[in-house]
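In what comes next, subunit A is part of two complexes: it sits with subunit B in the first one and with subunit C in the second one.
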Partner chain A sequence: MTTAVRKALPQGLDTGTMNRLGLWLFLVSDASFFLALISSRFFVVRLETPEDVSQILGLGLTILLLVSSLTAYRAEVAAEHGDQANFKRYIIATMLMGILFLGGVGFEWHEAYKHFPPSTGYGTILFTLTGVHATHVFSGVLLLGFIYFKGKNGAYGPDDYYPVEAAVKWWHFVDVAWVFIYPTLYLVQI
Partner chain B sequence: MLTALWPLIRAIIWSAIGGAIGYGFASGLVTFTDPPQNLEVQISLAYVGALLGWLFGIGVWKYWGREWFGLKPDHNEIKGASRFFSFSIDHKVIGVQYLVTMVILFLLAGALAMLLRVELANGSQNLMNAEQYNTAMSLHGIIMIAVAVATIMGGFSNFVLPLMIGADDVAFPRLNALSYWIVPPVAVLLILTPFFGGFDTGWTAYPPLSTAANGPDGTLLFAFAFLTFGLSSILGGMNFLVTIIAKRAPGMTWGRLPIFVWSVFAAAIISLTATQWVAYGLIMIILERTTGMMFFAPTAIDAAGVGLSGGSSILFEHVFWFYSHPAVYIMILPAFGLELEIISHFTRKPVFAYKWVVRAFFAIVFLSFLVWAHHLFTSGMGQNLHGPFMLVTELISIPTGIVFLAALGTMWRGRMWLRTPMLFALAMVFNFSIGGLTGIFLADVATDINLQDTYFVVAHFHYTIVGGEIFAIMAALYYWYPKITGRMYNETLGRIHWAGMFLFFNMTFLTMFIPGVEGMNRRVAVYPETFNDINFVVSIFAFLMGLSMIPFAYNMANSWIRGDVAGDNPWHASTLEWQTTSPPPEENFEHEPEVFEGPYNYGRKRAQASQRPARTPAPAEGD
Partner chain C sequence: MAAETKSKALMRGNYVIVVLAVLTAIEFAIAVAMTGNLSATLLGIVALIKAALIIDYFMHFKQLWTFVAEVWYEMLDADPDDAPDDTRNAA
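Coming up: the complex of A and B.
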C-alpha cells in the first residue's frame, strides 16, 4: 500500500469514506426522528407512567439488546480477521437476540392492549415508540440476514468488510436508540 | 416515443400491482378490527404498496437492487431525450428533471392562485363552494412549498453544484435518482386529493381539523404526500453534504467554495435533521386517523367510561414548526447564495465579506432551530415562552442583515451589467428587505397577537418566499439557462417578464398588507363587505402578475429549441461550471479541473488565460 501524500485535494475521497460519511449523516437524521418521538412522550402524558407497566419485561428487553450489540461487535471483528466460523456464529446469535426482542415487544403489545390500549395517552406513546423502534430492529435483522447469506462463503475479508461494518453500525444505532427509549417509556416517574 | 416512455409505463404497471397488494393486505387486516374501520387503512397501505412498486418499476431494481442479490446491475445507459424519463444517474439529467417538474408545478399552483383571486375578488361566494375553495387554497399552499423547497435544493444544486466544485457527479448518484423519482408520486397524490373529498386544513394541517373523524380522506393523501416529499428532501440533503465534503476538485479548498455551495451546505444540514420532525408530525396524523391513537385529542374515555389523559393539540404545532420554520431557511439560504453569486458575477466584484457571509449562514442554521414557537403566540402556548422566542427570532436579523449588507457591499461602486439575471437578483434584494422588515412585526408578540392569521402574514411570507426566493430562482434560471440548454434565452422577453413580475408582485402584495392590518382573516372565501374594494384591486394586480408568467413560460420553452447557441461562458464568469462546454459533457469536464484561486477574483489584470482563477488543464491536441 502506498502512503503518498497528495498536497492538493484528490478528486473525491474514496468510496469507502463517502459511504461511511453518508451512513453517519443518515444516523444523525434518524436520531433526530427519535428525538421527536421521545419528546412527544413528555407532551402527551407528561411524566405519567402507569403502575402496571411490566418493569421486568422492559429491563429484560434492554439487557437483551445490549448483549446483542456485543455479539454484533464480535461478528464485525471476526469478519475483519477473516474468521469465518466466528463471523457466522456471532451474526446468528445477534439475529436470534433481535428476533427474541421482537417477540418480547409482541408480548408487550399483547399485554399493553389490555391495560392501556392505543386510544389512551400512554398507550399511544408506548405503541408508537416501540412500534417505530421495532421496525428498526426488524430492518436490522433483515440486514444481518443479508450479510450472513452474502458472507457465509467468505465474501468478506480484511480489506472488504464494509457491508458488515455498516450493518453492525446500524445495529448499534438501533440499540442506542433503545437505551433512550427505555427510560422514557418505563422509568420516568412523577 | 413509446420506447422513450417505457420506464414510466413499467413503473405505472408496478405501482398498480403494489397498490393492489397493499389494498388487499389492508382489507385482510381490517377484518380483525372491531368496529370495522373506514377506508383509510386501505388507502394508506395501498399507497405504500404503490409507492414501492413505482420505485421498483422505475429502475431501483434494474440499476440497484439486482446488485444486492448478486446479479449484475443493468447499466445500459439510455441516451437522448428518453433519459429524462428514466432512472438516469447523471446529476445534470436529474437537475433538469427537477427543474422542469418544479416549473410545471409552479405554473400549476400559480393557476390555482388565479382561481383563488377570482373567488376573493369580492366578499361573497361566487366561483367555488367552501370545500372547493379550501382545497384550492390548501393545494396552492403545499405545492408552492414543495416548489420552494425543491427547486434550488433539487434542481440547481443537482445541475450546478457538482460542476461548481469540479466533481464528476454527486457522491451517491443512484440515491440522487431515487430522491427525484420519489417526487412524482407526491404530485400525483396531491392532484388526486380533490377526488377524495379534497382537504381543508391548509398546508399546516393543524389538528383537530386534520384528524377530524368526519373530515375528508383527502387529508390522508395530503399527509402521505408531504411525508414522501420529506423523504426526498432528507436523502437529497445527505447526498449534497457528502458531495461537498468529499467530491471537491484538487485545489477547491473550503475557502474557495463558491458562495452558492456554502449556502446549499448550510441548507442541507437543515433538510437532513429538521425534516424528520415534520415526518413525525404527519405520521402522528396518519396514526390518529387510521388507528384511533390519541396524540392530539385532549381526553379519551376508556371502555368503562373513565376519562383517561389523552394528547395535546399543541404538540402538533410544536413538531410541525420545528421543521417548518427551519424549512423557510432551506428555501431562503440557497436563495441568498444565488443572489450573491449572481450579483458578484454581474458587477465583476468578489462577494463582499465572504467569510462573514459563511459565518452568517451557519449562525442562521443554528438560530433557525430556536425560533419555531413564534408561530404559536396565539395558540395557547405558555406565556413565559413568548419573550424568549420573540428575542431569538429578532436575533436572526443580525446574520440576515450581514447577508443583506454583503449584497450591497458587492454592488458598491461596481459596474453593474443589467441583464435579466442581475435584474432579478436586484429585485430580490429589494423584495426581501420588505419581507424581513414585516417579519419583525410578526416576531413582536404585542403586534403579532393582532396580526396572526390575517392577510398581513400572507403578504409577509409572499414577500419572503416569492419576492425573495422565487425571484432568486428566476435570476438563476436565466443565469444558468445557457449552461443547461446550451442556448441563450431571449433577453427582451426576459426583461418584459422581469418588469411585469417585479411591478405587479409588489403591487399585489404591498396592497395585501392593508386588509391584513385591518384584520381580514386569511384562509376564508367569504369576508365582510368593507374589504371588497381592496380585494378587488389585489385580484386585478394578481392577474397581471399571472400574465407576466406567459413571456417567461414561452421564453423558456421556445429558446430551448430556437435560441441562439450560447457558447461556453456567455457571462465571462469565473466559477468552474463556466469552464466547460454548454451543456457539459457526460463526465462534466474533459480533464480533471484544478483550482488556483478563490472563485471571484475579478478586477485583476491577468496576463494569460492560464491565470484564470479556475481552469481545466490545456485541452488535448487537435481540440
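Coming up: the complex of A and C.
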C-alpha cells in the first residue's frame, strides 16, 4: 500500500518534504488533544485554583523546560553545522533537564495527592494534564536518547540531520504545550 | 535555517530565550497582581505570544509554507498521464 501511495504522489517531491509535512500534521493533531484537556479545566473547576498549589515548583518546571528548549535548539544548530561535540553536549543537557522535569512532576504528584487527590475536581485536572504531558516529555527523552546513540559517531551531518530536527521539534512541541498548561494549572485564579 | 551562519542562529536562540524569560516574569506578575477573567485573558495572551516565539523561531514554522507551496506546485505540475494505472482504475 505504501508503494501505491508513493506512486500516486507527484514525482518531484522528495522524502524530506513529505516527512516534515507529516510531522507538522501530527503535531497539530496532538495539539488538539492538549487543547481539549486544557479547556476541560475551565468546565470542571472554572477559575478556581487551591492555595496549596506550589507556585515555586510550577515556575521552576517552566524555567527548566524553557531552558531545555534552548539547549535542544542549540543541538539542532550544532548538527546542522557538523559540530559533533556540541551536538552531543546539548542533547545530553536537554535529556537531563527532561529527566529533572519528570522528577519535579513526580514530586508535584506526591504533594498534590495530600491536598487535592484525583477524586477532587482540581485534582482530576492536575493529574490528567501533568500525566499526559509527562508522558510526552518521557517519549521526548527516549527519542533524544535514540538520536544521541545513533548520532554520537557522526551519523548526522549538515546534509542529513532530519532525525535530529524531528526529535528537537517534538521537544519544542512539548515545551509549547507546557507554555499553556503552566498558567492553566498554576496561575489562573478566581 | 540551512543558509544561516552558526553564530547568527545561536544568537537568535539567545534572544528568544531572554524574551521568553521576560514574558514568564510578566506572566507571574499578572497572576500576583490580579485575579478573575481579566487575569485569565492576559495570561492567555502572554501564553500565545510565548508559544508563537517558540513555534516561529525554534520550530521554524515558516518552512511549513515552503513545503506546502512545494507540494501544491508539484501537484499542479503533475502530469495525469504519469499516474499509475491502479489509482485511475480504482473505482
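As a working rule, the second predicted complex is superposed on the first by the 179 of 190 C-alpha atoms of A that agree within 3 Å, B and C clash if a C-alpha of one lies under 4 Å from a C-alpha of the other, contacts with A are read in each partner's own complex, and residues count from 1 in each chain.
Assume contacts are C-beta pairs under 8 Å (C-beta built on N, C-alpha and C of every residue); 3 or more make two chains touch, one makes a residue touch a chain.
Every value quoted in this text rests on a predicted model; they were computed, and no experiment measured them.
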Practice task
Give one of first, second, both or neither to describe whether A:K88 is in contact with subunit B, with subunit C, with both, or with none.
Solution key: neither
Handout entry: Contacts of A:F173 with subunit B and subunit C, given as first, second, both or neither
Key = second
Exercise for the section: Go through the superposed model and pick first if A:T120 touches only subunit B, second if only subunit C, both, or neither. Expected result: first
Exercise for the section: Scan A:F33 for contacts with subunit B and subunit C and give back first, second, both or neither. Expected result: first
Practice task
Please indicate which partner A:T17 is in contact with in the superposed arrangement: first for subunit B, second for subunit C, both, or neither.
Solution key: both
Practice task
Mind working out whether A:T128 is in touch with subunit B, subunit C, both or neither, as first, second, both or neither?
Solution key: first
Completion exercise
subunit A residues where the subunit B and subunit C footprints coincide 8, 10-13, 17-18, 21
Problem - Parts of subunit A lying in touch with subunit C, wherever the complex brings them together - result: 4, 7-8, 10-13, 17-18, 20-21, 24, 47, 59, 62-63, 66-67, 69-70, 72-74, 77, 80-81, 83, 169, 172-173, 175-176, 179-180, 182-183, 186-190
Completion exercise
subunit B contacts subunit A in the complex at 68, 70, 166-168, 171-172, 234, 237-239, 241-242, 245-253, 272-277, 279-280, 284, 287, 291-295, 300, 302, 308-312, 314-315, 318-319, 322, 592, 594
Exercise for the section: Would you pull the subunit A residues touching subunit B in the complex into a rising list? Expected result: 6, 8-13, 17-18, 21-22, 25-26, 28-30, 32-33, 36-37, 40, 43-45, 48, 117-124, 127-128, 146, 150
Problem - subunit C residues within the subunit A interface of the complex - result: 1-2, 6, 9-10, 13-14, 16-17, 20-21, 24, 27-28, 30-31, 35-37, 39-40, 43-44, 46-47, 50-51, 54-55, 58-59, 63-64, 67-68, 70-71, 74-75, 77-78, 82-84, 86-87
